[in-house]
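Next come two complexes built around chain A: one with chain B, the other with chain C.
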Partner chain A sequence: MLYRILSLQNITFKEGIKDKSILAIFFIAILTFIAIIIFPNLFARDIGKVCIDVALSSITLLGLILIFFTCSSILSKDVDKKTIYIVLARPFSRAEYIIGKYLGFLSLEVFVITIISVLSTVGVFICYHYNIHYFPKHFSFYEYLLAILMIIEMLAILIALLLFFSSLTTQGFTATILTLASYIIGSSLNDVLDTISNSSDSIKINKGIIYVINLVKYIFPNLSLFDFKLEVAHGVKISSQNITTAFLYGIIYILLLISLSCLLYKRKEFP
Partner chain B sequence: MKSKYLKSLLIILFISFLIALHIKEVASIYTKRCHKNNQIGLILPNSFIKITSFGFKGLRSDILYLNAVNFLMSFDQISDLKEKDWHWFYRLIDASTYLDPYFQDPLFLANAMIWPSKCYNTTISILKRGAKFRSWDWRFPFFVGFDYFYFLKDYKNGTKWLLIASKKRHSPSILLVSLASALTTRAGQLSMGITILKNQIAHTKNKKLKKAYKKRLRCLENLVILERAIAKYKKLFGHYPSKISQLLNSHILKKLPHDPFGAIYKITPKGHVKRIILKKIKNKT
Partner chain C sequence: MIQFKKVSKTYKYNFWDKKITALKELTLTIEKGEVFGFLGPNGAGKSTAIKLLMDFIRPSSGMILIDGIDSKEPQARRLLGYLPENPYFYDQLTPKDLLSFGAKASGVKPKDAKKRISYLLKKLELEHVSKRRLRQFSKGMLQRVGLALSLVHDPQVVVLDEPMSGLDPLGRTLVSKLILELKERGKTVFFSSHILSDIERLCDRIAIIHKGELRFLGYIKNVISKYNEQEQDISLPPKETTSYKRILSPVEKLFIEVINQ
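On to the complex of A and B.
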């Protein structure tokens, strides 16, 4: 079973590497590297903060591009070109297919993010070397790497969501749009809740909307839990409790989504 | 094929590099055009900007700050800015600090522009946000305190914020406490200055600091003694004394209080006591 999953993971990874969008991602990564060195110089004091902002934001952005372009196109190709039949005709269970695909996408994500991270870390290091006094006093490369790991975990949730939505629909495009919507909801959920709780008495929010938002809170993943960009950029210590909570939350959410996807895929009928 | 890819890659890289170099200039041209056409534009409410930032709050905050800087640079002189321009500028700064309240650059810029803009309350509320989040930084509560004192003449809040600043780590606490007490003294609130110092002495463990505060306290207490004596003199003779020695001659004071910093006292025509440091007199002579 493990061998079958790993071979599927290997195929998915190789398919992803061959995709043309990977080239575009690497090209943007090079541009980001240049931006990390040039962009912070437009600022007077917080050069370090801007440098880390650009580096971590670009890692997130490129990871999202990878999911919404490469991973979703591979998934839709499987159905459109009917290659999924070849896989399912072999002694593969549908659950193995899902897990194999997930691990394949995940390894592709980790591989690409690692390369981008190395590039951006070199950029940050150069910026740090020339502007050491303009970096936060308590900035640490350890916390910077921790923030990257949290970004990877957030992207891992999105991959699981993509697989989950693709098990619900037969069209790859719909699954991508639903995953994008989940990202938008998940990343702004905390801010929406903050706005509601801080809204003054003069602004009355409909009770129905508050009820819907409270319901959404328990369905969609809270992706802002994985966002430590501001803390790292300003050298604010990240509490280990926050990291542990986010890590466990992510793992549980991924396991739930993968199990649900396996269940749904078993009942799925392909056109 | 490979060389074709490489060529196009190099061309795109070169163009992107040029754009990156001129990004600031392009932005300033854009803001200048908007300014000339009186199209300042609209900034959405802070909470909406935050919600629509989707995990890129830091980067969006940087861009908003750059917009504010470019907007200022689009004017030939700071005095050319009108009320609505300042309003727009502070909206950008407010949005930038709302997204990233730790961000120093917009906070410093807001404080620097308080003089020409005269937007005292807006600046103070922005600085208070910075002071709340940058809890380790003494500079922002200091700015808030200073702005309260200097611009709004609000001595109570000014003292409160200067004392908050003095309690921060690595702050020049002795200077800030002295400044708070000196400003209250200057504002004619000697008793408030004395209360500040007594409170600091009671809560300070550092022996050196305690000694410095006690010295400052003695100085203020002397001023209180002298001002009381001057008031008594006026009650008796109907006018203020012109020299400090008159207080001794009229037997209102038995002896002159000794200033711990070595200053001498002078009486102003309005009956206030002025301290003059002796070193200055020596230099003059």
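On to the complex of A and C.
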């Protein structure tokens, strides 16, 4: 079983890494590397903050491009052009297909993000070396790397969401749109919840809206939990409790989505 | 080897649509070692039957057994090699990547897989393009890659959905030879085709399906002896205004007769 899953993971990774969009991602990564070194110098005393923010934001952005272009196009081919037939014609169970595909996308994401992270870390290091006085006092590369790991976990949730939505829809494009919508909702969920809880009596929010938002809170992933850009850029120590909570939340959410996708794929037909 | 037991399939494309019956209680047994031709006009239900066999879709009623194993079980597909009607592959991969995946996924040992892959690449005249990406391939070349993929684990049963489509005459000869070789090696071949001359040449037994129903099942030698050297005035379906008088091959005669019933 493991051998089969790994064979699927392997071709998914190969198909992804040879895709043209990967070249574009690496090209943007090089531009970002240059930007990390040059751009922050325009911001006088905020060089450190801008440098870290640009580096972490570009890693997130390129990870999202990878999911919404490369991974979703591979998945669309499976569903729309029926490349899935070459997999399902082998002794794969539907659950093995989901796990193999997920591991393929995940390994692709980890590989690409690692390369981009190395580039951006070198950029931040050069910037840090020449502008050490303009960096936050308690800035640490360890916490910078922790923030990257949390970005990877956030992207891993999005991949699981993409697979989950592909099990609900008959078109790859719809699955991509739903994943994108979930990303937008998941990233802004915390801000909306904060606004509701801090709203004064003069601004009355409809009870129905509060009910819907509370429901959404339990359905969509709270992706802002994985965003530590602000802490790292301001040299604020990331609490280990926050990291552990986000990590466990992410793992549980992924396992839940993968299990649901396996169940739904078991019933899915590919006419 | 393959048994369809009262298999029916109905589709409902949308919630408000009426149910469409693609297959009506198909009962069919394909014996071990025979080359079985599955015929029918477009939309007759041939591909539906093959997709049910491969468990891409599920029967509304009835069941399919492959060597006694329910087709829904993944282990049943260990015995099958499958070529889809329009093979689409991961187009950034090379034929070698794809065949290597096929062998690994079917549990072929790496040493045997290497030998088998180079044998098939040579056999299907794909050696010179084995490292080229599949997106650069023509339809005929993809068809050959698909054939190689269906045979890479040396399956007991080979299911070919329109194996000749998109092939030039040389390609067709190559596939025909391959099917005959499989037959000699005692493999079971189940294939659908519109090219009746190929069916006549290669098959032991045929089934004709029309509007989801099995209309004919019999041995090709009986069909040939019944229709051979008969010159019939075959009237095409009533919608056609012209009547043709020409000599048709026995399978063509049978096909038109069965469809017009």
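Throughout what follows, the second predicted complex is superposed on the first by the 271 of 271 C-alpha atoms of A that agree within 3 Å, B and C clash if a C-alpha of one lies under 4 Å from a C-alpha of the other, contacts with A are read in each partner's own complex, and residues count from 1 in each chain.
Note that a contact is a pair of C-beta atoms (placed from the backbone, for glycine too) under 8 Å apart; a residue touches a chain by one contact, two chains touch by 3 or more.
Remember, it's a predicted structure, so these values are computed and weren't measured experimentally.
Once the two complexes are overlaid on the shared chain, A:208 sits clear of chain B and of chain C alike. When both complexes are overlaid on chain A, the residue A:34 reaches chain B alone and has no touch with chain C. Of the two partner chains, chain C is the only one touched by A:19; chain B is not. Of the two partner chains, chain C is the only one that A:88 touches; chain B does not reach it.
Look at A:54: by the touch rule set out above, it reaches chain B but stays clear of chain C.
Put simply, more of the residues of chain A are touched by B, taking chain B and chain C as the two choices.
The contact sets of chain A with chain B and with chain C never meet.
On the chain C side of its complex with chain A, the touching residues are 11, 48, 51, 54-58, 74-78, 80-82, 84, 86-90, 92-93, 97-98, 101-102, 104-107, 133, 149-150.
Contact residues on chain A toward chain C in their complex (touch as defined above): 3-4, 6-8, 10-11, 14-15, 18-19, 74, 77, 81-83, 85-93, 96, 269-271. Per the touch definition, chain A reaches chain B in the complex via residues 27, 30-31, 34-35, 38-39, 42-46, 49-50, 53-54, 56-57, 60-61, 183-184, 187-188, 191-192, 194-195, 198, 223-224, 227, 229-230, 233-234, 236. Within the complex, the chain B residues that touch chain A are 9, 12-13, 16-17, 20-21, 23-24, 47, 50-59, 62, 65-66, 100, 102-105, 108.
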